[in-house]
Amino acid sequence: MRLAIVGASGYAGLELLRLLSGRPDDEVVLVTSRQEAGQPLCSFFPALSSMANYDDLVLEEPRDLGGRADVFFLATGHGVAMGLASGLLASGAKVIDLSADFRLKDPAVFARWYAPHQAPELLPLAVYGLPEIHGPEIARASLVANPGCYPTSVILALAPVLGAGLADLSRPLVADSKSGVTGAGRGALISNSFCEVQDNFKTYKTVGHRHTPEMIQELSLLAGQDVRLAFTPHLLPINRGILSTIYLALKPGAGLAALRELYLDFYKDSRFVRTRPLGHDPQTADVRGTNFCDLGLFHDPESGLFKIVSVIDNLCRGAAGQAVANLNLMTGRPECLGLGLPALRP
Amino acid sequence: MRLAIVGASGYAGLELLRLLSGRPDDEVVLVTSRQEAGQPLCSFFPALSSMANYDDLVLEEPRDLGGRADVFFLATGHGVAMGLASGLLASGAKVIDLSADFRLKDPAVFARWYAPHQAPELLPLAVYGLPEIHGPEIARASLVANPGCYPTSVILALAPVLGAGLADLSRPLVADSKSGVTGAGRGALISNSFCEVQDNFKTYKTVGHRHTPEMIQELSLLAGQDVRLAFTPHLLPINRGILSTIYLALKPGAGLAALRELYLDFYKDSRFVRTRPLGHDPQTADVRGTNFCDLGLFHDPESGLFKIVSVIDNLCRGAAGQAVANLNLMTGRPECLGLGLPALRP
Amino acid sequence: MRLAIVGASGYAGLELLRLLSGRPDDEVVLVTSRQEAGQPLCSFFPALSSMANYDDLVLEEPRDLGGRADVFFLATGHGVAMGLASGLLASGAKVIDLSADFRLKDPAVFARWYAPHQAPELLPLAVYGLPEIHGPEIARASLVANPGCYPTSVILALAPVLGAGLADLSRPLVADSKSGVTGAGRGALISNSFCEVQDNFKTYKTVGHRHTPEMIQELSLLAGQDVRLAFTPHLLPINRGILSTIYLALKPGAGLAALRELYLDFYKDSRFVRTRPLGHDPQTADVRGTNFCDLGLFHDPESGLFKIVSVIDNLCRGAAGQAVANLNLMTGRPECLGLGLPALRP
Amino acid sequence: MRLAIVGASGYAGLELLRLLSGRPDDEVVLVTSRQEAGQPLCSFFPALSSMANYDDLVLEEPRDLGGRADVFFLATGHGVAMGLASGLLASGAKVIDLSADFRLKDPAVFARWYAPHQAPELLPLAVYGLPEIHGPEIARASLVANPGCYPTSVILALAPVLGAGLADLSRPLVADSKSGVTGAGRGALISNSFCEVQDNFKTYKTVGHRHTPEMIQELSLLAGQDVRLAFTPHLLPINRGILSTIYLALKPGAGLAALRELYLDFYKDSRFVRTRPLGHDPQTADVRGTNFCDLGLFHDPESGLFKIVSVIDNLCRGAAGQAVANLNLMTGRPECLGLGLPALRP
């Protein structure tokens, strides 16, 4: 299978190249970058030198892409994929978009949070690429919208309890999320510079983060009713990792042990979700570089609330790793192909 | 004024020594450490060498303390201060205890969260040392219970809104708090080792952290009614700093601009609480090494909830800095004496 | 092939388990730990859960090891392997020792730097396990002494130039080395605690580090004459990585371009040494989690000296990864089997 | 005294503002920034709010500066000060330049490393502002060239031994230096972004760093002969701190104990140089936020070389702190005024 990465000079592109370097039956044949076109891939990313065929690749302008590959990963900023997808699909290729362009089903919602959608006719075709929730549809899809990193951590944490109708939705759910800096992409910004982030911690976009409607869409779908959500992102001084701490009330009668059984059952066929033993605190380092989502479940007797703690690697599970899982499903291979590596710890 | 630090070999002791090094009218005359007794202070903490009279001090066994100083800072683990305080007070000294021993008013609550109290007769004398809330009582006190770091960040964030009766207390408040590693003290633990903390993030004591009853006590006092609280501590890979993200519903009619006015008014005479402009995200680095608490106020239209973000330096404002402010108040000096330094940034 | 890891609860053990998790023809059948015996492996290292057969393994006391496996990795502190090796070899097993016990050929030198050797009769059998230098002997060995992390970085940097007789050895070589904290192992020490290491940098064992004689032994062997070396270790606030900056004078006539050709030629069959283009600065992150050694060559016109910069991952190439390469060579498999992964970057 | 900071929006500017915030007899009356002109100072640096008169200051365009202040700190990029100094001096002001513009005495050397000098007539007036070496000249100067950060760490480490004629200068000195990221200034560069620096370590400008001629000038002056130097800078993943490890041979007969006596004597009147006890390893955290330089002296019996380890805070001692010390000397105040604070540790 010939693979292409559009937007290969960002961190999601780099992570895709890392994960795709050892696949016997696939080959990355095309890497593009508007800004870095002309550079040999391994001059730009020396870590990749002497891996796979990477020493032979040169970053190209993203032009005349149709026909160049069988599967395209679009790892660009928001707004680019909606211009490219139609042509690529017409060329017979499959498309996995890592941007937000095809995640929201309702173009009016998209317009409110981003900008008017340029290819609304594709939205019904696009499948939200969270394998544990939409696996069968992904397997049949030509266009997959790879989920955002925060939504991945929050939706996986809530899917079983919402699906079972156990949550008290009369009040808002609270998702307090903390992300590593790769979530902001590879860019030269003062706010992401070492001296501003190191030994520091803060909220950002404390209200109104664009991942909010994506979460609300999928959580409401799971719950079968409108869900209200208070979501707060924070910037952690780490490279990779998201931890979401979620607060909710359950309907009367629900207990912690039963809740854990529900989670174990819901994810019993899911290679990549690990529901931890009661009392165990998930930590981001345990999923570093992997496609895992680790979940911890807690009941707080002081407040009566339940707490769900969810950790993923935002760059792997929250972007490139999930995209590779989607590639696997879309091409009839096992979901975990090339994703079997344990965490790099410490 | 002769000052003594009992438990001077921990990080709170070190921070006290940093803050007390430049005071013209006070002198640290006694530093004790059970574990490090016999060591010259500046061999143990080379950063202090050639500061004040510190080259002349030797860490001593904590014995026969009465009469050695006018004010004692007790910076030991929980359970020690309740054995020492009575004797020190009898010697005429003032006592500022940085442990939890005198923070909880109700010995039954103390017993449930710690152990049976050994000096319950002193509890009515002890003043909870949060200057913005209990300033006048502190000024008259001989025994001050220096607040915990998490409670300092949470109580300062909620005092105005609870005091004004604006919060909807029919549901639990949520306080999602993240702390730097100095909060765990100076000890040789695998869980605090660099390789376990660096590039990592996790919850710990996800339910049942001992600072919970302290917060509930003070918040209920402020609110004039019982307050329920869901509190979750997290371990940040930074040395210093706590950020608490607090979620609450307000009673109908309360708006963000009015809320900010309320905070500005409540803290108008408080040198160390800075209510930030609307839209500004507080960050821990802006208070590093200082006694400040910075507050950010937000209203989230998606969920209808309000968010209050509070940052302090857990070691300074959350321990030694607040203890120095209490020293100032207890001895008739301006609260901010020796605490006027700006943050070390970056 | 049945594999055993003695001392599996340390970081080298964990790294071995990470690297060995995906091998189709080998299985880790035994993991031991004196301190943690009785613990299920994946309770102790949650990052390993659902990997290979690891959920079925329990950390055992290191007793009656003979016959339990075909290859033993000894990842214990110094002094243990010399007591175990003889019995394991007698059982027909192969032994890869990650400690210093079999690295020094001369028992008198060992005694001076460590302690009297308890199994000097095995020293002639032991092969110094640096594949680029001793590959063929490793392939025939039953007992391999896995090199130290600092020596790996320094010897690979100097082998070509010393082997070619180009260095001016009338003066000492200077190797200024900086290591991540995993090099100190997994232990509860104040000096390795987060608050002491984070945002800090220092030398340690500034003279007399025990890796010195190991480097002198191998460098002198390569040079065919006694080599003097000034070696200084430093502690970097990173988890993984060693960077060595080496200063040397070359004999008259040697130039930078020719030097690079020499290196490219010396390492032309070595999958894991990457001599960088002139002007390129190696960085530790480019080898994080890999078995690579990246080399940069520089000539400084101000001083006339040459500088060689060498980076490895101390835990992978400097310990477990090199041990797996040795396993591969000792069992007739390609050196790079299971070591093909690119760096985790960023 | 009215103080002005030209280039106040960089990290050196911020550090000057931190250090100058508590001086009773001086006031910062002017802060300029070409890029951020028009912004209230405390919107730009929230950490400074409610300090001194800072809430009243607005960043201004650097225009018509003459007469606005009695002392000007020039904290701009190289090339700006040489255009401003003449006018400021003519207005009767004193000038402390933190850039490289006036550090090199020989305009030909300046031209080779930077660009042709635009104000060579001022070079004879400028005093190299290292107080321990040039204190009396600084006290009489109107124009002080504040030393570079690397040179400060290296020159203080070598001054006593070079001044005493004990070093064997027949071979190059080696200075292997490692700096925190603030040394690169406050700018939006990919190479200084968190994800590129965190958990990483590298050399940069491995040959030809511009601080080299400055070191050679001052070291040669101290030695009374030309000194050759191999200098290598490295980028540490810390905010503040430089550690230089220096290798040199001494002339026959020189021993370690005598060397330490020499250093203690040389610096006996210097408040800010602390020669550590033998065997003690200096660390950057012990000088964080201070004007100190800590020195460790070692003799390596393996190689016969001596090692000198020097640590400073590159932003304080290596820039703003030294500038404040120079301000003190130039205005007849004690060198340590406003610089008495201990390190922020941890």
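Order as written gives the chain letters A, B, C and D; numbering starts at 1 within each chain.
Following the convention adopted for this analysis, a contact is a pair of C-beta atoms (placed from the backbone, for glycine too) under 8 Å apart; a residue touches a chain by one contact, two chains touch by 3 or more.
Values in this document were obtained by computation on a predicted structure and should not be read as measured data.
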Q: Please identify each chain that touches subunit A as well as subunit B.
A: C, D
**Q.** Centre-to-centre distance between subunit C and subunit A (centres being mean Cα positions), rounded to whole Å
**A.** 36
Q. Roughly how far is subunit C from subunit D, going centre to centre by Cα mean, in whole Å?
A. 38
**Q.** Whole-Å gap between the CA centroids of subunit B and subunit C
**A.** 45
Q) Hey, what residues on subunit D touch two or more of the other chains? A) 11, 182, 195-196, 198-199, 237-240, 285, 288, 346
Q.
Can you tell me, using the touch rule above, whether these chains form a line, ring, star, complete graph or other shape?
A. complete
Q | Touching residues (chain side subunit D, partner subunit A) in the complex | A | 11, 181-182, 186-190, 192-199, 237-239
Q. For subunit B, which residues count as touching subunit A in their complex?
A. 171-172, 174, 176, 178, 195-196, 198-204, 206-208, 212, 216, 228-232, 234, 236-241, 243, 245, 247, 249, 281-285, 288, 296, 298-305, 307, 309, 311, 346
Q.
For a test of understanding, state which residues of subunit C touch subunit A in their complex under the given definition.
A. 11, 14, 17-18, 21-22, 45-51, 182, 198-199, 239-240, 271, 274, 276, 280, 285-289, 294, 340-346
